[in-house]
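Chain nomenclature is as follows: A, B, C, D and E, assigned in order of appearance, with residue numbering initiated at 1 for each chain independently.
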Amino acid sequence: MKDDQTLGERLRESGISRRGFLKFCATTASMMALPPSMVPAIAAALETARRPSVIWLSFQECTGCTESLTRSHAPTVEGLIFDHISLDYHHTLQAASGEAAEEARRIAMEENHGNYLLIVDGSIPQKDGGVYSTIAGITNLAMLEEVAEGAAAIVAIGTCAAYGGLPHANPNPTGAASVSDIISGKPILNVSGCPPIPTVITGVLAHYLTFGTLPELDHLGRPKAFFGNSIHDRCYRRPFYERGQFAETFDDEGARKGWCLFKLGCKGPTTYNACATEKWNQHTSFPIQAGHGCIGCSEPDFWDRGGFYDALSVPTDDAGNILLGAAVAGAAAGAAVGLMNRKKQNTDTRAHEKVTVDDLNGD
Amino acid sequence: MRTIENDDDLRAALTQMDVTDQRHVAALFVEDVLEYTHDSRLRHALSVVIRADASEAELKAAHRTARAAALDAHARCGADSDWSDQSPYFVARAAEAATGKNAKGTSSTLAWLVAMQCRMATCCLASETDQESEENTCSAQRRIAAEFINSRKDNGHE
Amino acid sequence: MSSASIEKGIRMIREQIDAPIASFFSSCVHCGMCADACHFYVQTGDPRYTPINKVEPMRRIWEQEYTLWGRIKATLGLSRKVNAQDFEAWEELVYDGCSLCGRCSLVCPVGNDISDMIRKIREGFAVAGHAPEGLVGATRRAVEIGSPMGVRLSALEAQIRHLKHDTGLDAPLDQAGADYLVLLSSMEIMNFPEYLEAIARIMQQAGKTWTISSRAFEATNSGVQIGVSDIAAELVQRVVDAAEELGVKTVISPECGHAYTAIRFEGPNLIGRPYNFRVQHILEVLEEFRQQGLLKTKGKETDRMTFHDPCQLVRKGGVIEAPRNLLGMVTDSFVEMRDHAEMNWCCGGGGGVSANERADELKSKAFNQKKSQLDELGVDTLVTACANCRITLEEGLERNDMDIPVIGLTEMLADHLVEEPGKGGET
Amino acid sequence: MSRLQDIPIQVLDGQGGQSETGNVAPVLHEIRHALARLASTGESTSIDLSAIPFAPGDEAALFGLLGQGEVSAVVNALGETRIEETTYPGVWLVTHRSPQETVLSTQIEITRTPSLLSTPAEDLSDALDALDHYLSSPTAQESA
Amino acid sequence: MTADAFLSFARGTGFDWALTIFVFGMLLRLFEVLSLGRKPDLSEGRGSGVQGGLKTIVTRTLPRAAVFAREPVRIINGYVFHIGFLAVLFLYEPHIELFDAKMGLSWPGLPTGIINALGVLTIFSLLLALALRLTSPVLKFLSTGSDYLAWLVTLLPVLTGYLAYNHMLLPYTAMLAVHILSVELLMVVAPFTKLTHMFSFMLARWYQGYRAGHRGVES
């Protein structure tokens, strides 16, 4: 089943004209959020791109990421790409199951040892030996370590795989961890988001397929092309923020006019993702454009960053009881010190001897 | 011959005089009680007043010295002081009034004011019982005033 | 000087600290505005005379003794205890460099009553043996003889005789049931006896009965100036006893600054109870007579004239309108100095400074503030209503070759009284 | 399978042409500078609109402002690509669609001739072979 | 400690502790002051102390002309950074949102551009204030370490707030965290320095105003 044709040869073989190929490169560049000037480089790279083997492991996840990828109505280009990657193992998508599926995975690993691409979605439970999530009796933890060993690179799709996501949220009963918590020594690329934007997933894969390398990453291991700017930086409602025009509730006059949602808890300023430009469902919209604040789903532990509807400037804990506790303590300490002061005053007054002129003898 | 029997006459007589005459009589009053003070500056100051041809500047200088003398002789706030030691202060105050612009304004004449100050100087020295010394000063003042007016009349002044 | 008195000094300062002082120390932001209001700093340029700096020892005692944070710092050795050197260094600031004029309190943006704090820190300095010699002597004489300048009743009796002899008016001693009990300050008895004559003639024209108590004729209160409340209480008690014994309705505080605030405002709190008589400053009395038409004057001064407001009268006593209205009766050429009434500049001699010989040089420097006001205005005569201000002003003017006579307002009014023909007056 | 756009919902877009966010102006300025560069150095530029944060209605407003020029062309390769010249010569609106007519990418090319229209060099030899092949074939000789 | 965790700490536990220490400290100081009590004024007054106290709390905000003439720059500068600081704190929409969320009180704010400008003004005014404190003989003489500490903890929130709003220096997440931490530093330091004057000034003006009102003197 192995095929050593390059992508370029396969395209021509399936009757794609030069212009078709050029269009393909232009749209791929756009998809990879690379500047159009990169088209020639992409064309050259695609000519020689090998058809990599891909193993997709889904661990403790909600299949949202897979749903997002497959639902992406990826236009022919994605379809084309996926025609050209041999998705050797995806236990949700593949027909085989049980022992046959595992057998297919082992073969793929042996044949492409050292240069297959491992894609992971879902977090990896570690508590009690990782027993909380297993495939065919093998814990996610063991499987990840086994498969990762021969992988050329690992792509962690979704905030769960990248940073632990929902399972990792307080109190993290299953001891869920992210890929980079477990694997080190392998290039790991985090495509966070809950779920990530479909075109971002395909964009990242396209980049790896095209150039065979990982794109430039930020300090959290995310491709800068998509995660370099915060939502706030690229948000079309930014002019309203600058003018101080904020929606106070979800249906007030400001909200209808499309004003900034800062006061409704939008986490755009502290969240790095491409939602504001890539947008979702073929550039149709993204949460803020739909009138709901960004909940910061591409940032680590975004579940534990305080209320989704508390503005960034609002402290996360309930100040009520803190205030009360501090006030009571303050009053108590105050009363105590007050009593000591009062006692000192009384002793002084009692000890007061009437001052007479003789007491004023100068030195 | 004009004689002055009581203070009302004295006061009336003094108010008729012009300022220079009043200064002159005032200086005489002060000289009468000058013995109570050892401050020699006053004697010189008074002499200026008596000289008819004293210039404005000389008068001003005399006034300043008299004022300085008064300040030097005043009882310092909070200091241990004795009423009987105050007579030099009042003599100096009298000299100051005699040589300077009359601070008190129109109603009391300059000379009458000086007379009062001189009597206060004597009052300091008068012990509880001795009333005469103050009376002597009053009668002396009446005499000085009368003599001055009469001497004036002799020289054709009216 | 045993450390005992330093300990007594510290404990006495601690005794003075109350909620207002605690709130003042909690609010001071070291903004320096009180310095710009204080004539001692303005004229010397020495930052030590910044008013809030004068109570630094009290601040340290308050912080170390009455706040938790302060106690912790003290135990950790982060803040130094007040010691003998502090008393030594601060004596000159607390006494010589402060006339208790209250101007700093009036400008403090956070509302600290700094002059009141200085008045209270003196309580500690006095019992610590760090009060100026002059003030100690004056206070001793005030307690033992009855007047800070050692004036005895005989001097007053001599003046009463003189008054009778010259004007025929009586200054009745110990007259029960009189309308007014008149008090005199030693400065007036010794240096400005004309005040007594003025009172006699005014009362006679106003048709009011008045008296002087032979046991308590002294108005001033050295206890308040040196800062010993026990002695101040004793001095006030004498006046109160005399007034209540004679059953007078009103006690008149004479032309003096601190005497008025001492008797009227500090007195009741010193002796611990309100009086059953009223206390008025002589200017308040004259203003009342004016309003009731009892004060008839004639003639108007033509000199260009201004009024020096005694600090205790305006800032601490609130007697501002009275002198203006009274001056209106006797002059049409009255002009105000630039900073007057509640924002007047102090003559430099109040608050015990003039009784403290060591402070003379500082006092004369402070006077330059008043000098610049007078230079700017250019007047022929300076009127005031406090004997100590009057002497301090005269000294200052004389030292600066400024030929401006200084006169008391009451005396000037008396000179303008309309002569009632045949009704007493000149025999 | 119905497409998203077919779902009948009426989107309340901004008040007509000029959007309230003011995001259109910067793009026009960018086009202007690209034109200046093209004029002076001949260097062509391509702006990928998918990377621009447009509010709803912004894009329509931009296209409205750019307007329609003289040339419009269709390239049928991997789906339809429409290339239209705007009222400003040298400024081209390129819209790539997939065989399913979904918009893949919208770009504004500021150039003398859009890259996709000019014939790729490698195709010339193929074209030559194809024509030679046709000419040497019997049908060609009969009709010549 | 990623920027996110840093921000979460600042918005969470950091703020809790800062608020606790602030409330505890200020209340303790209030009790310490009030516990010392005040003897009633037995003297015969002319007016009402209460009215005098309330009046002074308001009128003492303006300076006396005589003193203003001597140090106009220092006094005007004082108003600039006080009004600037309070305007930025209470009229900036996100801050109003904070008070609204925590206390349910809300009020209209100023456009963000104006707040930004006020922020700059306040920063320069505070820098000028430091310069004045370092150059004036009186202020240099009076100032202790705690004065300069109070100055620093007052400047930092405005400076970091400006940097955060304008996305300068650090990435926004980190800069916002630094800003919130600098506010917490101010809250923690306040009860132990002259910053207690933010509340005690009313008490101090009240006491002096009360005495003046009772006596019927100008205050």
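The working rule: a residue touches a chain if its C-beta (ideal position, glycine included) is under 8 Å from a C-beta of that chain, and two chains touch if they have at least 3 such contacts.
Please read all numbers here as calculations on a predicted model, not as lab measurements.
The chain with its Cα centroid farthest from the Cα centroid of subunit C is D. The most distant chain from subunit A, with centres taken as the mean of CA atoms, is B. Distances from each chain's CA mean to the overall CA mean are smallest for chain E.
If each chain is reduced to the centroid of its CA atoms, subunit B and subunit E end up 67 Å from each other.
Per-chain Cα centroids separate subunit D from subunit E by 59 Å. Taking each chain's centre as the average of its CA atoms, subunit B and subunit C sit 32 Å apart.
Shared interface positions of subunit B, defined as residues touching 2 or more other chains, are absent. Not a single residue position of subunit D touches two or more of the other chains. Shown for subunit A are the residues that touch two or more other chains, namely 333, 337, 341, 345. Those chain pairs judged to touch are A-C, A-D, A-E, B-C, C-E. On the side of subunit A, the complex with subunit C involves touching residues 333, 337, 341, 344-345, 348-349, 351-352, 354-357, 359-363.
Subunit C contributes residues 17-24, 26-33, 35-37, 41-42, 45, 47-48, 50, 52-53, 66-69, 105-113, 116, 264-269, 272-275, 278-279, 314-318, 320, 338-339, 341-343 to its touches with subunit E in the complex. Partner subunit C is touched in their complex by these residues of subunit E: 28-29, 32-39, 41-44, 46, 56-57, 60-61, 63-67, 70-71, 74-75, 78, 136-144, 147, 150, 191-192, 194, 196-197, 200-201, 203-209, 211, 215-219.
Subunit B meets subunit C in the complex at residues 6-8, 11, 60, 63-64, 67-68, 71, 74-83, 86, 89, 100-101, 103-108, 116, 119-120, 123-124, 126, 128, 131, 134-135, 138. By the touch rule above, subunit E contacts subunit A in their complex via residues 2-5, 7-8, 11-13, 15-16, 19-32, 34-37, 93-95, 97-98, 101-102, 109-113, 115, 167, 171-173, 176.
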